[in-house]
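Sending over a structure as structure tokens; questions will come in a sec.
So that you can tell them apart, the chains are marked A, B, C, D and E in the order they are listed, and the count of residues begins at 1 in each.
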Amino acid sequence: MKFQKELKDSIRKALPELDVVIGWCGSFDPLHATPHFIRREEDIEKLEIGPLSVHNLATYLPGLRGKKVGIVVKGCDSRSVIELLQEKLIARDDITIFGFPCTGVVDQAKIKKALGYVGNVESCDMSDKSVVIVAAGKAHSLELSDVLADKCHSCRYPDAIISDIFVGDKSGEAVPAPADYEALATFENLSLPDRFGFWLKELDRCIRCYACRSACPLCVCRDHCAAESREPHWLSQENNVRDKLMFQVIHAYHLAGRCTECGECQRACPVDIPVLMLKQKMNKEIRDIFKYEAGVDPEETPPLLSFKMEEENITEKDW
Amino acid sequence: MALVKYLKSTDLKSWLAELAQENRVFAPRYEGEAVIFAPFDPEQEIFIKYAATAPPKKTVFPQSERLVDFMYSKDPEDLSRIKIEAQEVLPQGTAVVFGGRPCDVRGFTMFDRVYMAEEATDIYYKARRDNTSFITLACDATENTCFCHWVNSSPSDPTGSDVLAIPVEGGFLLKAVSDRGETLLTSQLLSAGENRVEEGERVCKEVADSLSQAPDLANSPKKLLEVFDNIEFWQDVSAKCLSCGTCTYLCPTCYCFNITDETQGMKGSRIRSWDNCMSALFTMEASGHNPRPTKAHRLKNRVGHKFSYYPDLHDGVISCCGCGRCIKSCPAGVDIREIVLKAIAFEPTVVEG
Amino acid sequence: MPVLEGKELRIVGFLCNWCSYGGADTAGVGRFKQPTDLRIIKVPCSGRIDPLFVVKALMNGADGVLVSGCHPRDCHYAEGNFYARRRLEIMHKFLPILGYEPGRFEYTWVSASEGQRWQQVVTSFTEQIHKLGPAPKILGPEASDTLGLMQAAL
Amino acid sequence: MNNKNLYLPEMATIQEVIEETHNIITFRVTLNNQEAMKNFSFQPGNVGQLSAFGIGESTFVINSPPSRMEYLQFSVMRSGEVTSNLHTLKAGDQIGVRAPLGNHFPYEDMKGKDIVFVGGGIGMAPLRTLLLFMLDNRSDYGKITLLYGARSPLDMAFNYELQDWLDRDDLDTYLTIDAEFEGWKHNVGLIPNVLLDIAPSAENSVAITCGPPIMIKFTLQALEKLGFKDEQIVTTLEKRMKCGVGICGRCNIGSSYVCKDGPVYTGAQLKELPNEL
Amino acid sequence: MKIGVFVCHCGSNIEATVDTAAVAAAAREFPGVVFATDTMYTCSEPGQDEIVEAIKEHNLGGVVVASCTPRMHEQTFRRTVERAGLNKYLFEMANIREHVSWIGKDREANTNKSVDLVRMATEKLMRNRALHPKKFTINKRVLVIGGGVAGIQAALDCADGGLEVVLVEKTTTIGGKMAKLDKTFPTVDCSSCILGPRMVDVAQHPNITLYAYAEIEEINGYVGNFEIKVKKKATYVDWKNCTGCGICMDKCPSKKARDTFNEEIGFTKAINIPFPQAIPKKAKIDPEFCTMLKKGKCGVCAKVCPSGCIDYEMKDEFVTEKVGAIVTATGFDLFDWTVYGEYGGGRYPDVITSLQYERMLSASGPTGGHIKRPSDGKEPKNVVFIQCVGSRDKSVGRPYCTGFCCMYTAKQAILTKDHLPLSQSYVFYMDIRATGKLYDEFTRRAMEEYDTNYIRGRVSMIYPKGDKLLVRGADTLMGTQVEVDADLVVLAVGAEASAGASGLAEKLRISYDSYGFYMEGHPKLKPVETNTAGVYLAGACQGPKDIPSSVAQGSAAASKVLGLFSKDQLESDPQVSMVDIKRCIGCGKCIQTCPFGAIKEIDFRGMAKADVIETICQGCGICTSTCPQGAIQLQHATDNQILSEVNALCQF
């Protein structure tokens, strides 16, 4: 990317004051990136940003509390940072935010779906519009827009909302249109028994690894998650679909009004369960009732942690 | 020479249906963008284009199982006298698993050394292990994450399997690798396979040759112990780890478990479920003390167990089958190969003077 | 097990101690006849009700869940029902995505003196649940345990 | 291969519950199967898993000696969910027992030697087994010294037999508490300091110590000062355990599983293990 | 836990529709239950003894009683189990009377439901823990809010009982509504003659600190230890030195100030003392009408004041008082009757309120005790009284009965005759409500001895006819239309909650009904308590009340305070939240949502953690439902306790 050098330069400048700067670098194959923890000058060169920079690095911030941390953020990631600031889980003074104009990241599941098995990936070239993957000696070509994550298509904040250093030109003001939740609407066209059946079928393959939770930047309970505790004892450790679904509801409810829909939960899921939809549903209702969007204003209070004496948009049942 | 048969691809489902008459049959299925092992269903496509997302570990070591059921009963004469009956719940029936890969099935041999040790045998595991046959599919291609050849295995390693199925033109070459395997190959749907043995060998060799040179891991047990106390090393390699359980739960050789009790009214069960050494709760003591308080400590144990402690106890066998799932499915891209190589290459900096 | 087969459905109520539980008492004192399906769990305040209790009840087999607290502004703890209103409303809106009819769960406000209102609420909610019939149930550890039966029911 | 179910507890009956301190109780249990009780054999230092059915299991040392087999004794300190539940059990109640598990004290190797026991708090429990065993086989051992400390007299378990131990001629018993307490006639001070005052000779001796981690740490230092070598020191370790048979994977220190290969370790063995306590 | 279950027949109250023996039999099958029986009256002495004996005989660790509502007898049974040596929180109740036997007759369904309720109770009980209250010392001072007759009574009783009292009054004088009355029913005593001395007692009592013309700004703390911020509003007169001589008022040139004390019958001066017997008798400038304050010109009062008290620069002042209990006696206000178009909606000067009439009757009032029509100052001949103006009227949102209007109307009719022997009074009424001692006799006297014409019916219209008012109404007894040519119409205006009642309630954290009247702890059994410990109610703030009832409540509230303060230490309710410090991640969400400020952040080995201040925590549990990991748990209503109840009900 064109401003990658500029970014490296600004990290180089800031690094002496920081314990670590978190960015991305290449991973086990050319089709994947991985979070990159820059501690020494020589680590900077490996930094790579682009459509493979899928990970929301804000997830690491609460665990680095007390350290001076630099973090490279996409627009969507910056909303998680804001949410963490809002909840006082990180201190603003301790973090240095590097923003850049994000043009979208890929959804690996979509690539997998489009290409199927490709074998050894030898190279991956991502231009503005297309993706060319060479694997097992064969070239595969895809439209970038076909494999961009859903959230990128409806992205309203391509530039970090909050940043200390911004490289490149901002792509402009936030796009005002609200997220339209198209997929959600389609899902809600299903009959109620079909929806019920859908979740049971999808959650059935859950292996209870809790990657959805561990990758979530706002699952700040970490080692003390209600999923595994006996006091309170919300869930059993049995392999049953009821507890798996219940956990997803717990996750969605605990994120209500806090979730920025970064999609890490779903991305992290090794068995591709569409868990993000539950959070989107929460968010949609939160938006409709409270006119609230998480992760845009560090001074706000999440709606479920506050109230109004008169709620304009809650109509109670008339008996 | 062992029994060799040929199965046409088009007969695969029929064959599995035959096997399903006497056994529970598991085969890989495509769900979401994941491939998982599920009970064979003739309506569903069997997905064997590439290795399953989750290995067939659960067929022998289920995600959770009831170990003991207990029931309370009261003495009607004196309600405070409660009798507790504890009853073991042993697995029943036989199973056939089709479509596991050599790495997946070899993983069970890591279990065997621990669960079927001479002095203490886990009868639940043993009951399933003894009654489950594996028709393993040799790999005809590899991925970037594959490294079975680093850990003394290969894409057509039959260790732990009963039948090795090698993809050949129009179908599979089925090689019995155990006595039990021979009994599986009696179907009328199978034809003689001797004439395709050579083709099968060629397929296997081609794939094996496509793998890059494997590094020597013989030193790993020793080197990992050397870096044990180097907390910076472990913090460095675990920095991006999210402490979730994806790697362990998808790992064909990870065998740790938890035991928890659940009750409802006058009865309950003691349940064994997969556990995850990357979780803080794994070693957290009731007092709150935790010998592995950070993800650095926990990742150290995970890598250490596979590449040092286990080999130390079991004749140098590395408790990793090289399937690469922990790398491929890790949400943060932690690469265990990198960590092991880094440990092997690690030279303590000599402080001068 | 505890439901009278064919006669009752399983309805769980969460009532705050100060207003609605008292309202249900007042209804009792007034001998206001009510359907027998409802079982009441007393909590100190509607603000104590984690909406996840509602989900837990439904997933464990309840056919309906009713929450009742003090009228807004009358909370014994000043603010509990204001929080409750937001949280319960969100859950109310959320449940249909899981496949539960919106009417499976309702929340309302009944004061300690509103015995008659309580009777009205219980009667009408119970009717509503009976109209909906038994809620979808998760019947076994694996999805197929439930899905098979759902299929068969169709 | 052994086809015994490793996870199925033997049902047992609590014969007696002794309230030791405000947070420690002692169970005396017998197996319901009389045959099994008669054939039950174990070694001093072996542990067992007690089941609170519906809650879970927890590991405790069998603190009655194999030389006294009327019952098996376990002392339970209340700390987590399981132990809290065990504390509600009364005489006559049923309990599940999986025992014996783990290794044992190398008492054979200690024959003919002077023995120094240093126990702190609930850590006295494992020592009690070996102490009683040695007293029952008194002639096999040299001089036996016991130093037992607790936070206060109220935290001191096995109160009912302390006087007997103090009175015995063949046992040198020292008791200590952390701070002055009305009516306390014995030592006052932290265990390692009192140990240095008593200054038992390291010559042909073995020291066996058990207690909370911080006490162990300083006691080991004190023993070192007194000239005890690593191989002359024996201690026991505690870890979170589940299976108790070396399978479930959580209690390992390197390749040693505390539930199976421990809980008894010599100082020398500990030095060999990676540092992860 | 060994549990004993007692299923009460409650005579036939439960037994008639619940098979209690079957419930007990079912309970014997439940986990933990070692003893279950049905008893005739569990709350009776033999019933309680049976519990005590069972606890001892069966070594019970917990008890379930299935009977009436816990709101009735939970305290009773908690004491019972305590008597037997159990912690009182190792007890649960299943409400099988109000929630079962009384609401349906299907014996099978009721029995089945009762079994469920007992199962839930036992499951919860098994997760109960012994809870122990904490003790804390109390500040034996009391705050009385409102200086009407109820507040005066409460203040004097407390002060006489040896307590230090802080009395805060919103206006410049105490006395409240009663001070405005001419006479009181049914004895026709002079109101100021009986109230005056009590007001003086307040002023002179060494134990009472009076803040007049002051309001409550902020209330913090909890029973035993409240901290009150009082706003002393600016009077522009230094009250320390003001002697109440009244020269300033005489000389003040601004004569059109609003005379609220006299219900705006006429005007007062911009600097004024509301009435001669005012306590404190101090002058105050009404800035709205003072030319000096408005335009900076005048300054007459400052010139004439002999003690130099005038201070045009005065600002509101705040003082903080620490008290252990609060008596709220904020009284009532009059309904704004101008919403009634049929009475002229305020357009006719000769339609006045009963309280205005009261001021007119008073010898110290603006007319010197002469009844004069506001329009022309003439003495009226026909006086019409209309009752239930803003009472018992759903159409104006006041469906309740104010309760004392019937009586004062009768009194005013009698006084009218006394003042103007030739006059004729008419009273339009709905019913006569005269239920007090000597009350009915009094209304009869008005009719029989004073010849008041009582017409049962409502007035449909008042309109001017010459210099008179034509009052048209129905006589429902006669079934005819009635028209009266009235010289003066007096409206018996009902009472409503005083203007600032809801705002104060929120500061006090007490609840109020839909009309703004404060909610008592229990409509029958806790008439002066509120649901906030240490806050009591006196007088009409709880609902309309006549003088004797207000005084009685004032005394009752005082006795509650004295009772509370008879101990040196209070015990806090142990049903409070507790933080599992190992699991708390210090995110502060509980601190954010706690309505009482009962949770604070502490530093624990360098990590932020939440900590509950037990004496402030009121036990609502909002924190518990806020904490995602459940690290803060409300004792006695923990997640696991509630989940166990859910699971007892729903686990097919």
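Definition applied: contacts are C-beta pairs under 8 Å (C-beta built on N, C-alpha and C of every residue); 3 or more make two chains touch, one makes a residue touch a chain.
Predicted model only: the values in this text are computed from it and were never measured.
A.B. asks: Along the shortest chain of touching chains, how many steps lie between subunit C and subunit D?
C.D. replies: Minimum number of steps from subunit C to subunit D: 2.
A.B. asks: Taking each chain's centre as the average of its Cα atoms, which chain lies closest to the overall Cα centroid?
C.D. replies: Smallest centre-to-centre distance to the global C-alpha mean: chain C.
A.B. asks: Any chance you could check whether C-E or A-E wins on number of contacting C-beta pairs?
C.D. replies: C-E
A.B. asks: Hey, how far is the Cα centre of subunit B from the one of subunit C, in Å?
C.D. replies: 45
A.B. asks: For subunit A and subunit C, let me know how many angstrom lie between their CA-based centres, rounded off.
C.D. replies: 35
A.B. asks: Where the CA atoms of subunit D average out and where those of subunit E average out, how many Å apart are those spots?
C.D. replies: Centre separation, subunit D to subunit E: 64 Å.
A.B. asks: Send over the residues of subunit C in touch with two or more other chains.
C.D. replies: Within subunit C, the residues that touch at least two other chains are 56, 60, 73, 79, 83, 87.
A.B. asks: Residues touching two or more other chains, restricted to subunit D: which are they?
C.D. replies: Expected reply: 81.
A.B. asks: Enumerate the residues of subunit B that touch no fewer than two other chains.
C.D. replies: Subunit B, residues with two or more chain partners: 72, 80, 258, 260, 262-263, 284.
A.B. asks: Can you list the residues on subunit A that touch subunit B in the complex?
C.D. replies: Checking each residue of subunit A against subunit B gives 20, 27-29, 32-37, 39, 55, 59-60, 109, 112-113, 116-117, 119-121, 136, 202, 205, 207-211, 213-215, 222-223, 228, 230, 236-240, 264, 267-268, 270-274.
A.B. asks: State the interface residues of subunit D toward subunit E in the complex, per the touch definition above.
C.D. replies: Residue list for subunit D touching subunit E: 88, 90.
A.B. asks: What residues on subunit C touch subunit E, complex-wise?
C.D. replies: So the residues of subunit C in touch with subunit E come to 1-2, 4, 7-8, 10, 12, 17-18, 21-22, 24-25, 27-29, 31-36, 39-45, 47-50, 53, 56-57, 60-62, 70-71, 73-80, 83, 87, 112-113, 119, 137.
A.B. asks: Would you mind writing out the residues of subunit A in touch with subunit C in their complex?
C.D. replies: It is residues 184, 187-188, 192-201, 203-204, 234, 238-242, 245-246, 249-250, 252-253, 256, 277-278, 281-282, 285-286, 288-290, 303-304, 307-309, 311, 314, 316-317, 319 of subunit A that touch subunit C.
A.B. asks: Once bound in the complex, which stretches of subunit C touch subunit A?
C.D. replies: Touch list, subunit C to subunit A: 51-52, 55-56, 59-60, 72-73, 79, 82-83, 85-87, 89-91, 93-94, 96-101, 106-109, 117, 120-121, 124, 136, 138, 140-144, 146-147, 150.
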